Structure formats: structure tokens, C-alpha cells
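As C-alpha cells, here come the structures.
Paired with chain B in one complex and with chain C in the other, chain A is shared by the two complexes that follow.
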Partner chain A sequence: MLGEDKYFLGVDVGSVSTNIVLLRPDNTLKEALYLRTQGRPMQTIQEGIKLLRSKIGNSAEIMGVGTTGSARQLAATLLGADVVKNEITAHAVAASRVNPEVQTILEIGGQDSKIIILRDGVAADFAMNTVCAAGTGSFLDQQAARLGIPIEEFGPLALQAKHPVQIAGRCSVFAESDMIHKQQLGHSLSDILAGLCQAMVRNYLNNVGKNKDIRGPIFFQGGVAANPGIRKAFEVELGQPVIVPEHYDVMGALGAAYLAQEKVGMQVGMRSKFRGLHLGETQFEAKSFECSGCANHCEVVEIQQDGISLARWGDRCGKWSIASSTSVDNDSVEHKVKQLGA
Partner chain B sequence: MKIGFPRALFYYDYFPFWAGFFHSLDIKVVTSPPTHRQIMEQGLKKVSDDTCLPLKILAGHIQALDKVDAIFLPRMVSVEADTYNCPKFLGIPESLFTAVPAGIPVLTVTLNWRKGRRQILKDLQVFGLQLGKGKADIQKAFTLGQEWQKQYQDSSGAGWDFEETIREIEKVTKGLTKPQMSTLTPSIPKVQDTTDRLRIALVGHSYLTHEAYGSQNLLGRLRKKAEVDLVQHVKQEEVDTNLLGLRKKLFWNHAKQIFGAGNKFVRDPKIDGVIYLSCFGCGTDSMVQELLARYAREQHKPYMMITLDEHSGEAGLVTRLEAFIDMVERRKVHEGYVSAYGECLDRDSNAL
Partner chain C sequence: MKVTFPHMGNAWIVIQTLFESLNVEVVVPPTNSKRTLQLGTRLSPESACMPLKLNLGNYIEAVNEGADTIVITGGIGPCRFGYYGEIERQILRDAGYAYDVVTLEPPDGSLLGLAGRIRYLAGTKNSWVKIIKALRFAYLKSVALDRVEDLIHAARPRLPDPRETEKLYEAAKLRITQTMTELGVKETVRWVQESIRERQEEIKDSERFRKPLRIGIIGEIYTILDPYTSVGIEEELGRLGVEVDRSIYLSGWVGSHIFQGLAPGYRSIRSYPGHAKPYLPHFVGGHGLETVGAAVKFAQEGYNGIIQIFPLSCMPEIVAASVLPKVQEDYKVPIMTLVVDEHTGQAGMQTRLEAFVDLLERANFEPRTEHNRGDVLSVGGR
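Right, the complex of A and B next:
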């Protein structure tokens, strides 16, 4: 059938996971991938594309690409993105598309956590955690590893708790030493895990959720939403049901796909900048060097494909940044290229 | 004689006064270069780790001053009757002695407007003895310093760009030109009320908002996307009017300016959003920021606080900034949309 294999691609490259979704033009999800970034975003993106290609075949057409997450610029360079958006906008768009009534989004990812307040489907306020990563997925990962339990069992175990212990949640270093004390006293594992969930939620609401008017319906998304222990702790603390949407772990990527659809769909005849599904097979390389042009000694990163420079960034003055056509600041690209040529 | 003046902290608000003062005394003033990586790193090494970022930057600038006969570190206790500067200003110069390179003397003088003009003149005259200047010279220098300071403040009220003004002043201190700021036309025109672009107010201490390196060029990034209003652009009368609603007077000078201007921005319908730039460990901001955030919530004004520290990765800042601009933009579009049918027919297409 015509239009059968046309898709919008959404990619969210975060610190812990790289999520890729394929959205059909009728807004249903064709494919959702949740991959671990493991500190190698470029390889992970390529693997993801390979995986997609094996699933949908070569005849599929990508109509638009959106990238988000902390490595959105890198992903945009590699893929040739039509939209590059920050995580907050992407998450908000995804949630309000899934349920237009949503008023609050709690999002906890690998290295950051955020709260977004929506009113009438429009973001009215948001907050992100400060430099401290306490109360994010990485901390839970770390603690689960220390206790020798797979992260998947963390939540179900916490739900079995009868008397959750009180754990200091202000700082992850304190939380850890407090947990060890509680273990040595002989508290059960599930009580300690439940206590940790409560401490994390308290910390989140005190820091990120400070002074925010949290109203239902509440969406809980991001990787940590997989943990039913945290979800329950949120429900107890907020006194309201907390909804975990079906695709909670790829909401950022979903939002990016919607944004790509919005952008490409709005302009008639606009073609996607997508560089093709064969990307999985080409050779990407990242090089970095220290510029000695001034006292700042910026660390400049250069992305190369088969030896040809795609993009550079990391410099404060902009003399090295050949922004790719998908760059956010593409108004100044020409100017920079001229400067370099001179 | 050549005096080194670090380009940090008090530089951003009070340099014109000191520049005028020393110019009149025929003493050369050398400023350190704008902050760069090395200055920051040097600063971080040399001061107590639990002080604030601006003070650490100042410590770096002290070390960046070379070929000077002395380094000038005034103790600016108070610059206006009934107010104090932040306690960290009061601890200067002692708190920074560890950062001063060996062998370079530190010159200091206490400036305390709470004790009135006569006391200030007296203190400056004692200081003058160290410089080998008489009472009459100091009196003249004080007058010129105040003149320059006033010109500087008036020029920022008229929409002058900070960098432009300060460049003019520095030229004069180097003996290149005579001061004639009032005759020049401002190169960055005052924000037009009819602008189509977003108008974002950036509030916070001058030594953060104008500190391009430390703030990861927040002001520059913001200017690419919107017209930016700053605390310095608000006229003193407006600041004062907007302080009237407080139950208790703020006694920190900077905090007063920031809150008065911030409150004006929060209530001004032409301002689309307010960003508060602060740094870790700022005592006065911990009060003022919270207060302003509450006022902003009452007025439903988009508001965001950004806290700076020593990090050099810019991803966090860029994400927050982009998200804020997106939010303000989408909210503006949404609010401007009035459907003839009384309600949105297709609210999904305009999601967020």
C-alpha cells in the first residue's frame, strides 16, 4: 500500500541510554529501541540504525528526523536531522500528544531529572536538577550493583517492603553510607530499597519540584519510570495516581519524532536532510585537539566521516565550528566558512 | 606609578569611579584581560574552596596582573547610605592575600557611604598619603571619580552597552582620549518597544551577567535569540518604586538593585520572560531569588534560575536556555491564539 513504509525518525541520545523510535504518519509507533549508550554515542547510534534497517528493510523512507538528548548535536550531525531540540521540549511534546490533558511531567533519566508543568498543553514552567546527580537513574544503577541485584528487580523488591527505613536522601554519598549502616543493623533488603525510593522521591520533590504546582494527571517518564518502587513512593508522597505511559522509556525520542513531523509536515515539498539508512556501515571518527589560538585553550572536537570533516565544536570563539547544516546556529555558518577560507 | 586593577567583582560597577579618581591623580591604571581559562584555573587554586565563583575569578585576575607596582583592592563596605555591599566585599583584601603574587604590594582603602561623605574623604586622604598626594589632590580626584561614575550610570540607563562604555573609560585611563562619553551616540540602541523578537530580562549581579567566560557567554547566547534587558538598564526611580511593596527594606545594595529591577520586569507585560543568573554560595541571592520567583509566579511570568559554578561543559546551560526560549515562544503563540469557535479545534497540532 502507498505510504506503508514511510516513517519519522526520533533519536534521543542521553548519558545512559540511546533511544530510537520510528513513527508512522498516522502517529502510531512502528519501532522503539532502547539501547545503552555506554559512553560511545556514535557507535550506539550506528548500531541502532543498523538494527532498524534489518527490521524495516531498504525500501523504507524516512520523511523526517528529530534529535534530542545531551548528544543531540552529535546525533544531528551523524544522521542529518531536520529538528534538533532540547529534552524538555521533546518530553513535553510527547506527553501532551499521548494525553492532551496532562498537567505535570515527572522525568527521571540517567544523569538528570526534570519536572515540566503543562497547562492547556503548553509548558508553563519547568525545572531541572542542578549539578548534583543524586536522585537520578545512575545512582540507582550504582546502588543496585553494589547490592548485587539486577536493576530490573529493584522496584519489585522495594514493593515487598513492610517497614521502609528512613534514609538520608539529600546527597548520594550520605545516602550510601546511611544505607550501609542500615544493612549492618540487620534491616531487610526490601525495606532498605523502599527507603531509598522514598528518599529519592523526597529529594526530587524538594529540589526539582520545589514550589511547583503539581496537578494531575501526572505522567512519570524516563528510564527510572520502569521502577515501580519509585512510582509508588511518588503516589504516596503526592497523594495522587501517577501514570506511567506505555512508551515511558522512549518519550524523548518520541517527542523528537513528533517535532520532526511537525516541521516537515508544515512545509510542503520539504525534503528531509536524513543521510540514509546505510549510515550503519560507514566509518565515523571523532578527533579532538586543543586550540592554541588564545589563552582559553578550547578543546575542539571534530567529527569525520570517512576522513571528511562533518562538524567541529567546542570552541568559544567559533573559528573552528563548521556547523553542519543541522546546527542550531546555522545563521552564522556561512560567515564562519568564509572566515576559515580566508 | 602603575596600579593594577583586576577585571572582576567591583570592577563591573565601580571601575568608573576609581578610574576617574586615579586619572585625576595622574596614576596609571592597568586592568587585567577579560577572563580566560588560565585566569579561572589560577583563581580556583588560590582561594578557599567554599567561597563564591566571582571571588575565585577575582583571585585569578589578581594573578593575571603583571608589570604593575601595586595591586589595588578596595574594601567597598557601602556605596549608598543605609545599605551594605555583600559581606564578601567586606572581606577584601584580607580574604585574597593568598592570591597576591609574592613581592607585589596591595593598596587598599575603605569606602563606607554609611558613614557619610566626610568620612570617605578622610579615609581617601589617609590613602592619599601612601600615594604621596595631598588633601587638595584627593578632593579633586574624588570629585572627578564621582563625575565619571555618574556618567557611567546615566549611560547605562540610556541603553548604553556596558562593554562600549567601559572601553571608553579604559581609553581615557590609558591617556589615549579625553572623557567625552556624553557626546557619543550609543551604538546599541535602546530596546524598541515595537520589536517582534522576544524580550527576555536577565537579572543578577553585574559581575556575573557581564562575565562572559564565567557565565559561558550567557548574555551573548541570549542576545542571539532575543532582546535582552538588564538590571543596569532600569532607571533608579523605577528601581525605587518597585521596592516599595516590601515589608522590610533590603539592606544589601546589589540585592536592592536586582530586586527592584527584577520586580519591574516581572510586572512589565512587554517582557516575555525573566532569567535569574546566580552562582553557588551567594548569600544575598538565596533571599532575593526566592522572593522574585514568588512574585514571578503570582504574575504568571515565565521565570528560570540558572546557577553558575566552575563547570566548563556548556551542555547544561544550553539545554536550559533553549528549553526556556522554547517555552516562552510556544506560550506566546498559544496565548495569542484566540479561536473563533471559542475553543481550540485542533489543540494537538499546537501541542506545548
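Right, the complex of A and C next:
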């Protein structure tokens, strides 16, 4: 059937995971990929695109692309994005599309955590962890590995606790030594895990959630939302139900896809800047150097495709930039690529 | 004697002018950079605030150019900056630098003592009349610099090519640095106004002006005046299409801090304590009171958002930060607090600024257009 294989692509490249979604024009999800970034964002994006291609075939049409996450600019350059947005906006957009009533979003990812306050479907306030990464996904991963349990079992085990122990949660290093201490005293594993969940939640609410007016309905999203122990600890601490949305782990990518849809929908006849599903097969390379043109000593990053410069960024004055995060500049990149016959 | 001093945004232009018009040899340290911060961080206690680390870095970089005397202002109250002159003297001595440090403050409240220190720096060749003339001229430059800076604030979101706007700003600063006449200073401000107006003319009539969002920047004075410390927040917001204003400008601070209110400076800071009163009725050190007052003032003036920025561990600003949620609630104006230190990354800052601007944009959906193009020009006359 015609129009069956038209999609919006949303890509969220974070420190720990790279999430890719394909959204149908009727707002249902065709595909959701959750890949580990493992410090190689470019390869991961390429792998993701390869995977998608094998699932949807060459005839599929990508109508718009949105990128977000800490490597949003990199992803935008590689893919040819129509929208490049920060992860806070992306998460807020996704949550309010899924449920327009949402007033609070708790988001805990691999290395950052944030809270977003929404009123009438629009972000009204937000905060991100600043000087400390205690209580993010990476720390839970570490502790699970140390205790020799798969991260998937962490939450269910914590739920079995009868008397959660007190764990010092202000600093993850001290939390770890406190946990070891509690183990040596002979507390059960599930009580310790539940205690850790509570400590993390308290730490989150005291740091990120400080001074924020947390009202329901509350969404809990990001990779850590997979952990029912943390969710329960939030519910106990906040005294309200905490909802984990269906696609909690790819909400950022979903938001990016919605934003792409919004952008393309606003301009009739606008064509996506997407550079094609064949991207998985080309060679990308990143280089960086320090500019010595002035006292700023900016670190400039250059992205090359098959030896040809696609984009440069990182310089404050703009003398090196071929493309920045704005979509206007993406035109020039595309233009360049076309000129070079890519 | 070769005098040097710590950097703080554009302050070097004013200080250099002051010493040069008194024929005192002066070394302007290289602009704040990653290297400056690294050098300073090595000598500083970890928990000291970022200005101390940058100050020390400045002095070490100035040594290479033969500087042997440091001039720094003092201060009173709970802000640690007041005794940085003394701390820096000791740290430098321990590290083996033979610097003489002159703190410009009235020692134990004695104006005579302050006069003695000024006399020491100026030497015997300068009469008091000449010293006062030099101070006045430096002050004029500082007011002009502030006016130029504010014109650029207004120009950034309105002119099409951000790089050209930054070039204009740099050129204007260079002109003000070099000129040694009052006329030259005035001419430069006019030249900037003219250049902006000309560029506005080039914009097609059909492209009606979108009225930019307005964000007020408040917080610790060093951080908001020094673009290196604030990770270029004003330029970045300008690039995101936002017009910024700031609670404190250099001459406003000089006017109240050094001249004890004898000169108001550009954008006097005198009204802030009154605005702050319902929220914070007394002095808390540093500019905590001004931060709260400025937030109230910006909110009353209908700014779309407010950003507070300060160095990690700054006590007066921490006090202010704990009061700001009340202002946010009363005036329904989003306030974001950013904390900087030597570990601050550009990426995290960028994300927060973008998200904040998105938040304001989505909350102000109705199209905003300006009816005339006079807005930029009126700024310089405020």
C-alpha cells in the first residue's frame, strides 16, 4: 500500500546508549533500537542505520530526521538532520505527546540525570545534575557488576527486600564503601539493593529535584526506568504513583522524531536533508586539533567522510566551522557533498 | 616598577589607560585562557573560587613580561574576594614569585591610607590634579565600553551574520583602547551605533523583525563580566537569537565600589537593594543582594527569563540562589542557575542554554514583531 513505508527518524546519541526510532506518520512506532554507544558514536550510528535498512528495506522513505543527545551535532552531520535539539526539549516533547497531562518528568540516563517540570504540555522549568554523577545509570551498572548480578535482575531483587538498609547516598564512592560495610555485617543482598535505590532517589531529589514543584502525573524515563526498584523508591519518597511510559528507554529519540515531524509538517513541500540509508557502508572519520589563532585555544573537531571534510565545529570565532548545529548550515554541507559526488 | 593586575572582562582597557596616562609602566597579562586557568589552579586551594585561580594565572603569565607589582581592589563582608590581595601575596611568595601587592582599599577605613597607596603607585612625578584627571578619563572609557557592550547585546540577535557582529565588537574595543582623547571615546560609541544602523538597513523590508526573547543575566560580578569565565554565555545566547542584559556593568561597579557612589556609572546598581527588600532585606556579602534585586527588576520589566551564574562555592550567590525560587514563583519568570568552575564543559553549558531558550520560546508562542528599528539604537542611550 502506498505511504506504508514512510517514516520519521529520531536518533538520540548519549554517553551510554544510542537510541534510534522510526515513527510512522500516524504516530505509531515502527522500530525502536537501543544500542550501546561504547565510546564509538559514529560506528554505533552507522550500525543502527544498517540494522534499520535490513528491517525496512531500500524502498522506505525517510521524511524527516531529528537528532538529540550529547552527540546530537555529530549525528546530525552524519545523517543530515532536519532538526537538532537538546535532550531536555526532546524528552519534554515526547512525554507530552504520549500524555498531554504530564506535569513532571524524572529522567535518569547513563551519565546524567534531569528533571523537567511541564505545565499545560510545555516545559516550565528543568534542572540537570551539575557537579556530580552519583546515582546515574553508570553507577548502578558498576555496582551490579561488583555484586555479580546482571543489571536486569537488580530491580526485581530490590523489590523483594523486607528491611531496606540505610546507605550513604551523597557520594557514589562512599555509597560503595558503605554497601561493602553492610554486606560484611551480613545484610541480605535484596535489602542492600533496595537501600541503594532509596539512597539514589534521595540523592536525586536533593540535588536535581531541589526547589522543584513535583506534581503528578509523573513520568519516569531514561534507561534507569527499567529498574522497578528505583521506581518504587520514587513512589515511596514522593507519595504518588510514578508512571514508566511504554517506550521509556527511547523517549529522547522519540522526541527528536516528533520534532522532525513538526518541522517538516510546518513547511509544505519541504524535503528532508536525510543523506540516505546507504550511510552504513561509507567510511567516517573524526579528527581534532587545537587552534592556536588566539588565546581561546579552541579544540576543533573535524568529521570526514571517505577523506572529505563534512563538518568542523568547536571553534568560538567560527573561522573553522563548515557547519554548525543550525539547519541552515546543513545545506552547505549537503551542497558540498553533492559537489563532490558523494 | 612594572604594574600588572588581574583580568576581568574589559576592565584591562580601563586600567591600562589609567596607568598609561600617569606614565606608570603597566603589563597587561595575556587574556584569560585555558593556560591561565591551569597555571592558577596549580597554585590555588582546590576549594577556592574560580576568580582566585584566574588571578594567580594572570600574575604568573605577567611575570614573563617583567611585571613586579600587582594592583588589586579589596572589599569587605563575607565575600572572599576582599582578602584575595593578601592571600595572593602569600601564595605567590611561597611559590617563589617576588611580587609586591598593592590592595586598593581604605585600610581600616582610612582614606588617607588609600591616598598613600595611590601615591605609591603613581610616584612623585604626578600631581593630584593629574591623578584625578586620569581617573576621570579612565572612568569615561569604562562607561563608553559598557555602552558599546550593551549595543552589541542588542545587535547580536538582530543582525544576520554573528561573526560580523563579533568583529565589530572587537574593532570597537580596539578603538577605545587606543584613543587617548574624550572625543575619540565618544566617536567610537557613535561609530558602533552607525555601523549597526547601516547593517540593519541592509536587511530586507519584507523580512519583518522577529522581536528577540530577552534574558537578564545576574550573578557574581567576576563571572558575569568575564566572558572566559562565563563560557561566553552572552555571545552564545546572542547566537541563539536572544537579547541579553546584565545586572552589573563595569562602570556601575567602579562607580559604587571605588568612587563610593560619587559616579553612578552605566546602569547604576544603586536601586537593587530596594528591589531585593521583600526577599532579602540585608547585605549578604559580594553581590548577593544585587543579584536578587536585579532578578526582581528584570522580572518587573517583563524579561522572558533570567539566568544566574556564579563560580562554585560562592557563598553570597548561594544565598541569593536559595531566594530566587520565590521570585520565580511570584513573577512567573523562569530562572535558571548555572555554576562554573575549572571543570565546566562547553557541552553541558550549551545543552542547558539551548534547553532554556527552547523553554522560553515554547512558552511565548505568539509571533513577536518589532514595530520599528530604533530598538538597538535606543540601547546605547539608556
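The working rule: the second predicted complex is superposed on the first by the 321 of 342 C-alpha atoms of A that agree within 3 Å, B and C clash if a C-alpha of one lies under 4 Å from a C-alpha of the other, contacts with A are read in each partner's own complex, and residues count from 1 in each chain.
One rule holds for everything that comes next: a contact is a pair of C-beta atoms (placed from the backbone, for glycine too) under 8 Å apart; a residue touches a chain by one contact, two chains touch by 3 or more.
The structure displayed is predicted, hence computed values, not measured ones.
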{"item": "Combined model on chain A: chain C and chain B, fit or clash", "value": "clash"}
{"item": "Which of chain B and chain C A:Asp26 touches, first, second, both or neither", "value": "neither"}
{"item": "Partner chain in contact with A:Arg97 - chain B first, chain C second, else both or neither", "value": "first"}
{"item": "Which superposed partner A:Met128 touches (first chain B, second chain C, both, neither)", "value": "both"}
{"item": "First, second, both or neither for A:Asn86, with chain B first and chain C second", "value": "both"}
{"item": "Partner chain(s) touched by A:Asn211 [first = chain B, second = chain C, both, neither]", "value": "both"}
{"item": "Touching partner for A:Cys317 - first (chain B), second (chain C), both, neither", "value": "second"}
{"item": "First, second, both or neither for A:Asn296, with chain B first and chain C second", "value": "both"}
{"item": "More chain A residues in contact - chain B or chain C", "value": "B"}
{"item": "Touching both chain C and chain B, counted on chain A across the two superposed complexes", "value": "70, 85-89, 122-126, 128, 130-131, 211, 294-297, 316"}
{"item": "Contact set on chain B toward chain A in their complex", "value": "33, 36-39, 213, 217, 224, 293-294, 297, 300, 302-304, 307, 309, 311, 315-316, 318-320, 322-324, 326-327, 330-331, 334, 347-352"}
{"item": "List of chain A residues in touch with chain B within their complex", "value": "70, 85-89, 92-93, 96-97, 100, 118, 120-126, 128, 130-131, 211, 258, 262, 294-298, 316, 328-329"}
{"item": "Residue numbers on chain A that touch chain C, as the complex places them", "value": "70, 85-89, 122-126, 128, 130-131, 211, 294-297, 316-318"}
{"item": "Touch list for chain C against partner chain A, complex", "value": "30-35, 162-163, 166, 228, 232, 235, 312, 325, 328, 334, 339, 341, 343, 347-348, 350-352, 354-356, 358-359, 362-363"}
